[in-house]
Structures are given as structure tokens and as C-alpha cells.
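The letters A, B and C name the chains in turn, as written, and every chain counts its residues from 1.
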Amino acid sequence: MSAGIDLENVCCDFGSFRAVDNANVSVRPGEFFSFLGPSGCGKTTILRMVSGFIEPTQGVIRIGGQDVKGKRPNQRPTALIFQNLALFPLMPIWENITFGLEVRGVDKATRRKKAEELLTLVDLPGAGDKMVSQLSGGQKQRVAIARALAVEPQVMLLDEPLSALDLKLRQHMRAELRAIQKRTGVTFIYITHDQGEALAMSDRVGVMSQGRIQQIADPRDIYNNPVNGFVAAFVGENNVFSGEVQNPAGGMAAFATPHGTFRARLGASAGGKGVKLYVRPEHTRLSQTRADENSIPVTISEVSFEGNFISILAISETGAKLAAEIRNDGQATVPGMGAKMFMSFDAERAAILPDANVRG
Amino acid sequence: MLRRYGPGLTLLICLLVAFWLLMLVIVPNITLFEQSFRPYLPVVEIGGPRDTYSFANYLKVLDSSVEKSLFGYSFSIPVHVYTFSLTIFYSMLVTVICFALAYPLAYYMAKIVNPKTLPTLLLMLFIPLWVSEVLRAFAWWIILAFKGPLNAMLLGIGLIDAPVRWTNMGYTGVVIGLIYTYVLFMLFPVYNAVQSLDTNQIEAAEDLGAPWWKIHWRIVLPHAKPGIASGSVMVFMLSAGSLLVPSILGSTTSQWFTQTIDQWFKDALDWNTASAYAFMLLSLCTVFVTIAMWLFKVKLSDIAK
Amino acid sequence: MHKLRQNLSHLYTVLFLCYLIAPLVVMSGAAFNDSKLPSIVPWKGWTGRWFVDLWNDDRMLMAFANTLWVAAAVAVISVIIGTAAAILINSISGRVRTVLYSMMIATILIPGVVIGISTMIMWTKLGGALFGPEGKPFPFVPGLHLSVLGQVSYIAAMVMLLVLARLQSFDPGLEEAALDLGASHGQVMRRILLPHLYPAIFAGGAVAFFQSIENFNVTQFTRGGADTLTVYVFSKVRSGITPTINALAFLLICVTLVLAVIYEINRRRRARIEAAREAEARRAEEMAEVTGVA
């Protein structure tokens, strides 16, 4: 029913521009895999190569172990869900859903029945005779998924399908998509620039930048153990310090910055130059007294109440802006504006990382 | 293209377009061009020693001069050159009058009329356009007749005291007929162009205290220039190329250049000279339109909107 | 002052419409006047005999039938060629596109006289080259089929423009979606692209049909001995005319009016349906917002 996908050394050039550079990924059968990255990072190009609209310049793409080189989109066991959904506006819903069966010569009665089954699967029973323009955004979404499922693909490719929805619907559809994926067991490859979506839905995430895959890991690892500065900065917020590594030992090192010397975890391949120290705002603490280590004297300059947490901006003595977060657990003390405090963080929670993995 | 439509369909599409452009446009015009340099010969002599290329057919345009006078100054001019000049002159006149008639309406349709009544208005304008050109010319033939309704009406309200021979006053009938036939070809491009102007610009100008004529001169007209150019080119080319209207509404003294071509072709059966004249019409009109487009700084691709 | 200008513009529009429509009324009126010459003055009383004469005028009916055949052929061929050309232009770019597009547009501006003569000369010469000067077979002799070809040469460009405008509102993603779902290129064309283009194709067909009926110049030079309505009316105007032509004109105007009204009613009905659908989608959207369920 579902197939794995392997990309081996895949490159894709548009003229002199290299959109995808040496991508190596192995997506397991039945997995929900997301490519996460800013626009222009090459994630859509990967999707279009897998679906067959673009041929890679180099490298091999295998679907279910088979090399698909030269196979046209209509010959691949993949179904693509487009960013704008690309529902056929002149066909009723049921014809939309079973279009893939129609072109395979399936008779009308069977198609009608199949359409109804799929509509039930995506929670839209009885909507078969409506036109596309009669549906809300979320309903269109479901029809697009049903249409892709109708051809019983081994792989579903989704190109930011939720980007047109508003926030509430988007969060609802996340859970829905995840549930449909588990129900059908089809391999999902999901493209998004929204870290929330990628982290919430995926079994594994591939973070991309400038045509390169930066890190492939499960969502917790991506967030907690980013391999480089790009991943750390793109997924979540950070306080970033420039400086120099001193006395690395046992995975830890001292890091000399203008704010003082801190102790922190040494990321893999972070020995050389151009490394920085990354500390997430929720991993910082604010206190009246100086902590034992990794402590910076600051002045509170902005306090904004966000609901479940309180976001704080502080200025260090060298004038750098630092962010902190306090969880709103009902008993947190909120510092006043202009208060002089100390910001500190655990060495285990701070990472020394290289910049993004770019070619050069 | 290949990827989007597959090899079979791509080939079919290319073949259809090739048939159109080659067999229906390019090759016929090349043939016309080639034919125009050959002499008119009996069938048996075609391909014979006398069948050689020359400019003879083109030079016929300079034959048989006539005496004309303009502003009291007399001169002699070859009759076909004279016809051609008048054709161009009156086509320009028709174009200018069409613009003067169409512009206020185009502006009204684009900016003043209630949007709800616009479709109905458009429909009423389209109906005369769907009625065949020959019938429209014929309608004016009835109206302008010596004992026709126009004379009857003018006599009735006392504007004239004897009926007027409208179709025997030089080019009057032709110009009236051409304007009626082609004014809508001016209206629609100008309307499209004016419609694309942001109404806020007009209001801003009003707000800044510009008088109405200044708003048109400085804001609406410059914006509508491509539409005006395309309407003008259409009306001019259609007028200069019209054979029907000059033949039906023309007087004994109003010869149109297309009528001259028609006479070479149908009456004299000299297809070669007709070709030469047709080619002259085509090239001179092309030159004329090119100059006009260059003056107004518009491109051919703007015209087809 | 502003009010005055506005009233003047209303007045102008009414006058303009009168100017456009009055000649048609005069022409139609003459169809009912019991006078040998087609006119409405002097009015000699109502009659229906010009319609009877029209029915008995075999040559005119023949010309009318020819006109319809030619128009139908021109419409079909122009739609096929024009649609193909629009698709081609829409999927290429750069200099080739500019050259092809300009060439296509230029055909609209070529005087009909030139098209007529050049078409005539090319096909008869081609016949002469292939079969000798005598006894040339069918397509290479003057006749209405050459009129069809000559008319197609510029009417196809009009269809192309209409279809191209519609193509520009087409989402190429739909083609990709269909291909991705396993459709062949032919199926994509038939089920996705052409249905989107049908409104423009029908409009193009109608324009081509009416343009062909109007055509005089091309037909005049290529028709051989056959008549179309335009040519027939033209010859009649010169050689003495009876109000049978007015009777025919009246009928044509009626048909045009009926078609126009049907078109307008249909357009309004569709706009209403579309508005209702959009309203339903909006309601569904609001429901989703309230319940939090998409």
C-alpha cells in the first residue's frame, strides 16, 4: 500500500542556479515526513522531482525501491496535493474526486460509490453533487485529499496545503491530516515553511536551506538538538552570542563572548571558526542575584503578556538585546520595566553551533 | 510546451498554426508580391519570353493625369495617385470623427453610467455590430436617398427648402456610411482603456481643483492612449480597405482606391495590375500605421486588446 | 455644473443609441411599406408582400443558404485554428512568441481586398502548377471554399485573441493535477483545458460566424460565380432593389435580437447561480469558524 522513497545525491539546476544540492533522504514506508524551510530553499523542487514534473539534473530517485527516472507524473504511484489545491472548478465534487479513476476507465457507478466512500473518509458525506465554489476552505482541503486518495497512491505529496486557511482551521486540519495518514497508512511527504505544522504532524522532519538538507531528525531532536545555527534559528527563537571556543572537553566547552565567558554544550563539527552560542528564551531564567555560572546583568526594557507565557526583552551592559520567557503558571513574578536583573541559563541547555551548511 | 501537452497534441497544434500562417497568410502574400511584377498576358504566353519581371504594373499608377485645383492653385496629378490620396485623407477624417463621437460615450460607459445598466447598454451597442455591414450601408442608402426620410424630415422642420442629393455630393455619403459602420470599432478599445483608469485619479485631480477639460487632457486621454491608438488603427485600416460602403454610398465623383483595384480585377481582368495595386495599398497603409504608432509610441501588441 | 454635465452625458448617450438604432428601424420599417422602392417615405400603407416575395426569391434564398454554409465553415475552422494558436502562444515565450503573435495580429489589419486577391491568386496558381492551366480540380478553382479560406486567415486571429484572454485566467496547476492523477495529455485537454475554454470558444465561434456573414471584400474576389447574401445585396443596390431585402434584414435583426436577449438572460441566470454558491461557501466558512470544525 505504501512505499518508501529514496533520494540519492539528487541535484537540480535551473540554468546556473542550483535549486537542490546533493540531497540524500530515505523516507520509510508509511512515514509522515516533512520538508521544512523558508521559501526558495528547494523543498518544492524536491516535491516536483518526486512527482515527476521536473527531472533531477543528477542523482537517483527511487519510489518503493524502483528507479523512476524518465517516468512521467501520470506513471508514478504518487499523488500530489497542490498549494492552491487545483480542484477542477467545472466538475462537481464527486467527479473531482474520481477523476483519476475516470481516466483509468472505471465505470460511472463504481466511481460514484468510491466517491461516497472517500467523502465519508474525509468527513464530508453527501457533498458529492456540490460544486467546488460551494465549499468552504476547509471543505475544499478535504476534497483535495479525497481526490488524491482515490487513485490509491503509495505516496502522497503535499505542497503547503494548509497555507490558505486561517489559524484555527489550520490547527484543526493538522490533526485531521495526521489522522487520515494514520488511517490510510500511506507515506506522506509534506512541504511547509511553518515549523509548527512540521513539528506537530511529522514522524521526521528534514530542514532545508539554500538547496541543502541541513538536518533530518524527529521533531523533538530538531528542536532540542539542532545541528547548526540555521536549524536552531529557523525552528524556534534564540539568543545568539558571537565568540570563541576555549578548552573543549567531554562535549562541553567554554565560550568567550563580550558578555563574559560561558560554559555550553559543544555541537558536532563546531570546532572551527564562525561558531556561535545559541540559547532559547524559554531556557533562560531571570533572578535578582547573580547565578553561579552563565549569568549576564541586564536591564528589563519590554514586558509583553502573551497569555500562556510572558515575553521579556532585556538589554545587556554591552547594549545587546536578549529575549527571555516566563511561563504563566499563576505564581510567576513579572519583573517591572527598567528593573536591573541577572539573566542566566544552564550549560546543558546552551549549544555552540556552526553556521548553516552551505556550499562553498 | 511538449511537457505540458505531450508530443501528439503539440505536433497537431503546431501543424494547425503552420497551416494558418503559411498557407493562408504568408504564401498568398508572397504570391501576390511575385505576381505583381509580371505582365498581363494571354494564357498561352504565360511562362513565355515576354513573361518577365518589371515595375510596369506599378508605374501604371502614374498614367493619365487629371487637372485638379486646390485653394485656387491648379496642378495636374495622375488619377490613381489622386484617388489614393483622397482615400487616405477621407479615411483619416473618418477616424477623427469616429474618435470625437466615441470618446464621450466611452468615458460615460467607463466612469459615469450605473454599473447595473452597463450590460444592457453594451448589448444595445452590440446589436448594430452584429447586423451585417452591407445592411448597415444599405440602411443609409435608404436614409440618404433623394426622396428618403432624411430629406423628408429636414424639409418638414424647415431646415432646407429643397431636397438634397446626399449621395451625389462628392465623398459625403461615403464618409457618413463609413462613420456609422466603424464607429463601434473605435468605441470598444477606447472604452476598455478608459475603464482601466483608476477612478481615484480622476477624483484626486478634481480634488486638486483641475477643471474638467484639464482632467481629460492630462489624465484620461494619456491613460487611454493605447486604446485610442488601437481604435484609430482599426478604423483607419477598415475605412481605407472598405469596398462595400464606397460602392453603395459613393457618388459619381467619389472614387475609392479599393474600387480601382476592383476594376482592374473584375472589369479589366488584369489580376497582375490588381496585385500591384493591392500590394501598394497594403504597404502604404502599413507604412502609415507604423508612422502613426511610432508617433503615439504604442506597439502592435498593444493594439489587439 | 457637475449635475449639468452628467445630464448632458446621459442625453448624449441616448442620442448616440438613437443614431445607431434609427437606421435599423428605418430599414425594418421599409419592409412593411407598400412601395416598390425601399423607403419609409412616402408611407403607402402596411403590407406583408415583401416577405412573400422573399420566400419566392430563389436566388436570394440560395445566397442566404450559401452565406450560412460559408459562415458555419469559417466558424468551425477558425475556432480550431484560433484555439490551437492561442494555446501555442500561451505556452511559449521570448522572441518566437513576439514574432508569431505580431504576425497573427497583423492578419486582422490586412485589407480584405489584399487577402481576397492573394488567396485567389495563390490557389489558382498552385492548381496551375500541379495540374496545368486547364481542368484544375476542385480546391484550385475560384469558389466559396476559397472565400472560406480567405476569411479564416484573419477571423482565426480574432478567435485567437478571445481564447488567449480566457487562457490567461487558467491555472496551469489544474493540468498538472490531472496529469498527476494519471490522465493522458489528450484527457487533460478534453476534460480540463477545453471545458475551461468553452465560453471563449463559443464566443469566438459566434464572432467568426457573424464576421463571415459580414464579409464582403474577401468574398468578392474569391467567390467565382457563387453569391453570398452580402454580394447579392450589393449587386441589387446597384441594379435596382426591392424591399424584399428589407424583409430579410428585418428577419435577421429579429434573430439577432432574440439571440442577444437569450444570451443576456443566460448570463444573468449564471451570475445568480454563482452568487448563490459563493454565499453557501461563505456560510460554510462561518460555520467552521463558530464550531471550529472545518
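Heads up, the rule we're going with is that a contact is a pair of C-beta atoms (placed from the backbone, for glycine too) under 8 Å apart; a residue touches a chain by one contact, two chains touch by 3 or more.
In this text the structure is predicted, and so the values were computed from the model without any measurement.
> Can the chain contact pattern be summarised as a line, a ring, a star, a complete graph, or none of these (other)?
If you draw each chain as a dot and join those that touch, you get an open line.
> Could you tell me which chain's Cα centre is nearest to the average position of every protein Cα atom shown?
C
> Indicate the whole-number Å distance between the mean C-alpha point of chain A and the mean C-alpha point of chain B.
Chain A and chain B have C-alpha centres separated by 62 Å.
> What's the distance between the Cα centroids of chain A and chain C, rounded to whole Å?
Each chain's C-alpha centroid was found; their separation is 54 Å.
> Cα centroid separation between chain B and chain C, in whole Å?
Centre separation, chain B to chain C: 19 Å.
> Give the residues of chain A touching no fewer than two other chains, as numbers and ranges.
53
> Mark out which residues of chain B touch at least two other chains, giving numbers and ranges.
none
> I need the residues of chain C touching at least two other chains; which ones are they?
In chain C, the residues touching two or more other chains are 184.
> What residues on chain C touch chain B, complex-wise?
For this pair, the touching residues of chain C are 5-6, 9-10, 12-13, 16-17, 19-21, 23-24, 26-27, 30, 37-42, 80-81, 84-85, 87-88, 91-92, 98, 100-115, 117-122, 125, 133, 149-150, 152-153, 156-157, 161, 172, 175, 184-186, 188-189, 210, 213-214, 216-217, 220-221, 229-230, 233-234, 237-238, 245, 249, 252-253, 256-257, 260, 263-264, 267.
> Which part of chain B faces chain C closely enough to touch in the complex?
1, 4-6, 8-9, 12-14, 16-17, 19-21, 23-25, 27-29, 31-32, 35, 43, 46, 101, 104-105, 107-109, 112-113, 119-121, 123-128, 130-136, 138-143, 145, 147-149, 152, 180, 184, 212, 233-234, 237, 240-244, 247-248, 258, 261-262, 265-266, 271, 274-275, 278-279, 281-282, 285, 289, 300-301, 303-304
> Under the definition above, what is the set of chain A residues touching chain C in their complex?
Residues in contact with chain C: 51-53, 72-74, 78-80, 82, 84, 86, 88-90, 99-100, 102-104, 131, 133-139, 141-142, 147-148, 150-151, 165-166, 168-169, 172-173, 176.
> Quick check on the complex: what are the chain C residues that touch chain A?
Checking each residue of chain C against chain A gives 171, 173-174, 176-184, 187, 191-192, 195-196, 274, 277-278, 280-282, 284-285, 287-289, 292-294.
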